[in-house]
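Two complexes, one shared chain (chain A), two partners (chain B, chain C).
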Partner chain A sequence: MEDDYSSIWSYRLKWLYTLLVVVTLMLPVFYVMYISFNENGFGARDYEFTLEWYGLIFSDLLMLDALRDTLFLSFLTTIIVLPMGIISAKLYKTTSHPMVVVSLMLSPLFVPSDILGSALLVFFKNLNIAFNALGKLIGVSWFDTWFDLGYMSAIIGLIIYTLPYVFIVILITMGRYREQQTEAARSCGATAWQAFKDIEFPQIRTGVFSSCAFAVILTFNEYTRTSLLKGGFDTFSTVLVSQMLNEGMSEQSYAMSSLVSYIAIIVIGTIILFTLVRRERLERELKAKAEPIMAR
Partner chain B sequence: MSSEGEIAVEVRSLSKAYGSVFALNALDMKIKAGEYFVLLGPSGGGKTTLLRLVGGFIRPTLGNVFLHGKDVTNLPPNLRPTSMVFQSFALFPHMTVTKNVSYGLRLRKRPEDEILDRVQSMLKITGLQGLGDRMPHELSGGQQQRVQLARSLVLETKILLLDEPLAALDARLRKEMCIELKRLQEKVGITFVHVTHNQEEAMTVADNLAIISDGRLVESGSTIDLYESPGRRFTAEFIGENNIFDGEVKSINGEDVQVDLGYGIVSVFRRDKDVLVGDRVSISIRSELIKILDNSRALEPPIEELGAVYRQTVYLGLISSGILSLANGGEVVIRDISNNIGFKEVIAGTKLRVGWSRGDGRLHTN
Partner chain C sequence: MKTFFSRVLFAMPIIFMVGFFALPLALTYVWSVFERTMFWMKPALTLFSYENFFNSARVENFLASMGHSSISVLIAFVIGFPVAVFVRRRIPQVAQHRVILLFILPFAVSEIIRIFALRPFLQRNGLVNGVLLKMGVITEPITAILFTPTGVIIGEVMSFLPFIVFSGFLAMEAIPKYVFEICEDLGAGPISIFVDIILPLAAPGIFAGSLFIFVNGLGIALLPNILGGPGAVNAGLIATQAISARDFPLAMAVSAIMMTTLLSFLYLGHRLFNLTRILTPIS
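Now for the complex of A and B:
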């Protein structure tokens, strides 16, 4: 409730509206989950519950390979983009030009995904030509495949895509952290790394894990840039989209999609719950602190 | 314990610039080992900048910092023989009191039983016995500051830096903590360098003071010297309740300098000041040394006098102040113990004369 004089119905209506928006957004996901248990597949009149399609997930080698590659990409992207996000967030807090840092870090968000993907495609192709020519010039073949489209080009595209989100999430979490604690640690004899590891990281851990989850989910969902930059392998989203466009999705695809959704909902739901519980605990602690303490 | 006379902290031509603005400008200062030294001055004057330069948290633009004779200008905080207590509580909120206090010792990889012993001993010294398992948010403001102190003192560094450590405490607690800090410093015997803008806090704890303003060292000395015999006008304005009279030197006769205030002529002893006839100067006299002459409170001759009109009495408990107007519209404030004041029954609007012993006036050329 905003204040004692605002209407309780206004408050309830706002909650109802929010829930309706969430349900509307999630309805397609729930529908896919519903279909994934139907023995007769998508569009069938009759519905017969089955777990058969989930059992067949592991026989769809194309899908499994795509899932494996997607997990690999998301893992590598996360471990590369996480320290970049942390360092950029720390730079933002210490520099005298924070708006420059923010502008640079968020700039990929303002470029449409297909344009960014196309630009990177041209960039890598030109790099490939240049390095191949260099290799021919000096008589070596080392550089021949360096900038071929493949895992590296896909990961670079994913890093550019996910970095702004990781930066923002970590920055928001760092907003609560007081730099004086780092200075206090330094005055106790800690190096900069020790102060970060022992004092700062435990307090921004939630944000770091949230940004990891964000990076993984964004990587899973990413289609446009990855389809342009991936080269010869497939990712989860490219397989799904190509199936939808060409032959229609297989029943295993619905099952696989639902499985990924379950995992995403569990991960995000856990983070949200954990954050809510932690916030409630912190509020209780702050309230206890605000109450008069008699004994010194 | 350091040897007597040893210099713990020395800064030479120390400057810190932010763009074209100098937060600290070519400052030279020495602090003896084992003393409680206070950096006092108005907010934004450069005291905290100086402290942070000594601690290694910022790098100087020019100049050097020496700690116990060693040039530490380029060393980070963790490699200096200093530890610091911060203004707002810089306790580690995810660690208990014991873990907070033992953090530095763990970094030094001391044996566990030694850490336990030293931490328990320090908790006892700082009055935190029994609170080892508490989290910082479960402590009062005073207790949190004690934890910071314990965390710094347990490391047995040679110099403790305190950056307005009592600013966030209420007045009563601040007074108690002042005495506590002084007691601790005398007990452990290390050098304390304490920054504050609070005069009373400074006078309570300091062995010696430095007044810092506009990035420069105005004056330094013992608390008694700076209070009773301020050399600079700024010091007289900042410490104690001084009346300042501005005027022009009319004549000089040996040690006696006659100053024309415009509404009266008074004399002051020159002491070590170089002045010439015609120089603009100021005279400061502590408010408790000025008396209403008509009340015939005895003053040691020679006596200087000015005419004034009584305006009001301000009762402040132990002390009462009397406020009078001068002929030029300025004010003069006199103070005395409330039970003792000679101006208790003076009516507002009464014309009278105020006076002081010539020796109580201080001449300032700037």
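Now for the complex of A and C:
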């Protein structure tokens, strides 16, 4: 009979396999990082360490512009999508039709980016035509540019992309929260906002912070929807892709890819570590509280 | 006591998703029967775009990419699902989520970078060939990987594998641990536990993860664009190519066909496995 302790080697082997899968998934990215430090670029026989290619990124004005636009886009998307995620998670817990909420919020995961992107593109173009016609009819022009492709349309596309992730992360952290605490706060005279801010939010803070980081990283990395809906401006990913498709992988694109990967890995890694450390501390505290004083 | 204001506030995400997600996707069916004009389209009732799709190489490409996607699903399942089973069954409860969190790490890196990175990785003078040559496994570099359907399948597995781990783990979490203990006490072997217990009970999660991989393999244009050659064109690539050729009705027809495929699979899966069961651990 197989159990955890009968065969330590099969247990170790399975652990090794799990780690191997993770490493394999990351291997191409690590390889790109390795190439990015090579003076001679990809495929060269000699490897000479250099930081030259990283310096090139910051002298590229087009790149810096795109970087600024991308950060702006991520920032705006995140501050809109976070409250939406919290509200929809609360709605899921209180509504009498949770299945409707959950399927509407999670279904964007199943619609591929190019399909949703093209549908939204045609949708916005049609809205634009309709609103322009309406404006002409009643003789005002102030909503002529509402649905032009630009920041607005890109942000809407990005919200639809990130909302499922934000929703699910917040929902999981909310799982430990008991609705009775809100009720207790309300019957003590707190307003709904106070009850949320002082009682509920501190308990779901980890979820909110991690979904915030997810939203920033997902929007920063997103390519397809943004490139279809962006209109005039460029983002980091669109510059990178056009560079790669036009000139092939240049040394600079290796460096750019590596740079964003470092930042993303560091951010996500920190969050994972932070969440783990926090949970461990909470568990220790809970255990300490559960033990009677004499037992210590 | 609910005020009007709080009702509106709580309805906002729903209104947003209906207005900017469900509505545009539903309208693709309407736009797909419009007539193509020089730069845009005009209202009409014509099946020209569908004819255009079904009477050309597009439909063959679409069916071929369905085949590639199914192979990727199978490979991802064989590689990824055992990880979910192992983590759920053999790792202490408190540590389970930490191990699963490891699989988020690849997602931190942009999809385009992960896909592009496969090029130097699989290229003629790339890492895989270099290592295999040095080890003496092959004498000539393998060139039949990149820019073929094989390259696309490798790309799909590398990009989507974590999803089968996540959804598989979520599905395994719904199975109480004592079920396995009972099975082992009653003398069931690993194979019969897998076939008779794990597969039926984790079916909704496995189905959701597989459908996710299948649909994204069909719909993400970047994969065949970067890794595939002439033989690998999927629905997403057909749609984006139609958009850049300003054939909007065709793009909408492709989207409508994709949506129909997705919805029929979802319906089928729901009838067979009752997909609401996936959500038991979080509700």
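The rule is short, and it goes like this: the second predicted complex is superposed on the first by the 280 of 296 C-alpha atoms of A that agree within 3 Å, B and C clash if a C-alpha of one lies under 4 Å from a C-alpha of the other, contacts with A are read in each partner's own complex, and residues count from 1 in each chain.
In the analysis below, a residue touches a chain if its C-beta (ideal position, glycine included) is under 8 Å from a C-beta of that chain, and two chains touch if they have at least 3 such contacts.
Note that the structure is predicted; figures quoted are calculated from it, not measured.
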{"item": "Partners on chain A (chain B, chain C) - clash or fit", "value": "fit"}
{"item": "Chain B versus chain C as contact partner of A:170, first or second or both or neither", "value": "neither"}
{"item": "Contacts of A:14 with chain B and chain C, given as first, second, both or neither", "value": "second"}
{"item": "Which of chain B and chain C A:288 touches, first, second, both or neither", "value": "first"}
{"item": "Chain B versus chain C as contact partner of A:42, first or second or both or neither", "value": "second"}
{"item": "First, second, both or neither for A:181, with chain B first and chain C second", "value": "first"}
{"item": "Partner chain(s) touched by A:199 [first = chain B, second = chain C, both, neither]", "value": "first"}
{"item": "Partner chain(s) touched by A:191 [first = chain B, second = chain C, both, neither]", "value": "first"}
{"item": "Which of chain B and chain C A:267 touches, first, second, both or neither", "value": "second"}
{"item": "Centroid geometry (CA): angle chain B/chain A/chain C, rounded to a multiple of 10 degrees", "value": "100"}
{"item": "Chain B or chain C, by number of chain A residues touched", "value": "C"}
{"item": "Per-pair minimum CA distance [chain C against chain B, superposed on A] in Å", "value": "6"}
{"item": "Footprint overlap on chain A, comparing chain B with chain C", "value": "192"}
{"item": "Contact set on chain C toward chain A in their complex", "value": "6, 9-10, 12-14, 16-18, 20-25, 27-28, 31, 40, 79-80, 82-83, 86-87, 90, 94, 98-99, 101-114, 116-121, 123, 125, 127, 158, 161-162, 184, 190, 211-212, 215-216, 218-222, 235-237, 239-240, 243, 248, 251-252, 254-255, 258-259, 262, 266, 276, 279, 282-283"}
{"item": "Chain A residues within the chain B interface of the complex", "value": "178, 180-181, 183-192, 194, 198-199, 202-203, 285-286, 288-289, 293, 296"}
{"item": "In the complex with chain C, residue positions of chain A that touch it", "value": "1-4, 11, 14, 17-19, 21-22, 24-29, 31-32, 35, 42-43, 84-85, 87-88, 90-91, 94, 98-99, 101-102, 104-105, 107-123, 125-126, 156, 159-160, 163, 168, 171-172, 175, 192, 217, 220-221, 223-224, 228, 237, 240-241, 244, 249, 253, 257, 260-261, 264-265, 267-269, 272, 275-276, 283"}
{"item": "Of chain B, residues touching chain A in the complex", "value": "55-57, 76-78, 82-84, 86, 88, 90-94, 103-104, 107-108, 127, 135, 137-140, 142-143, 148, 151-152, 155, 161"}
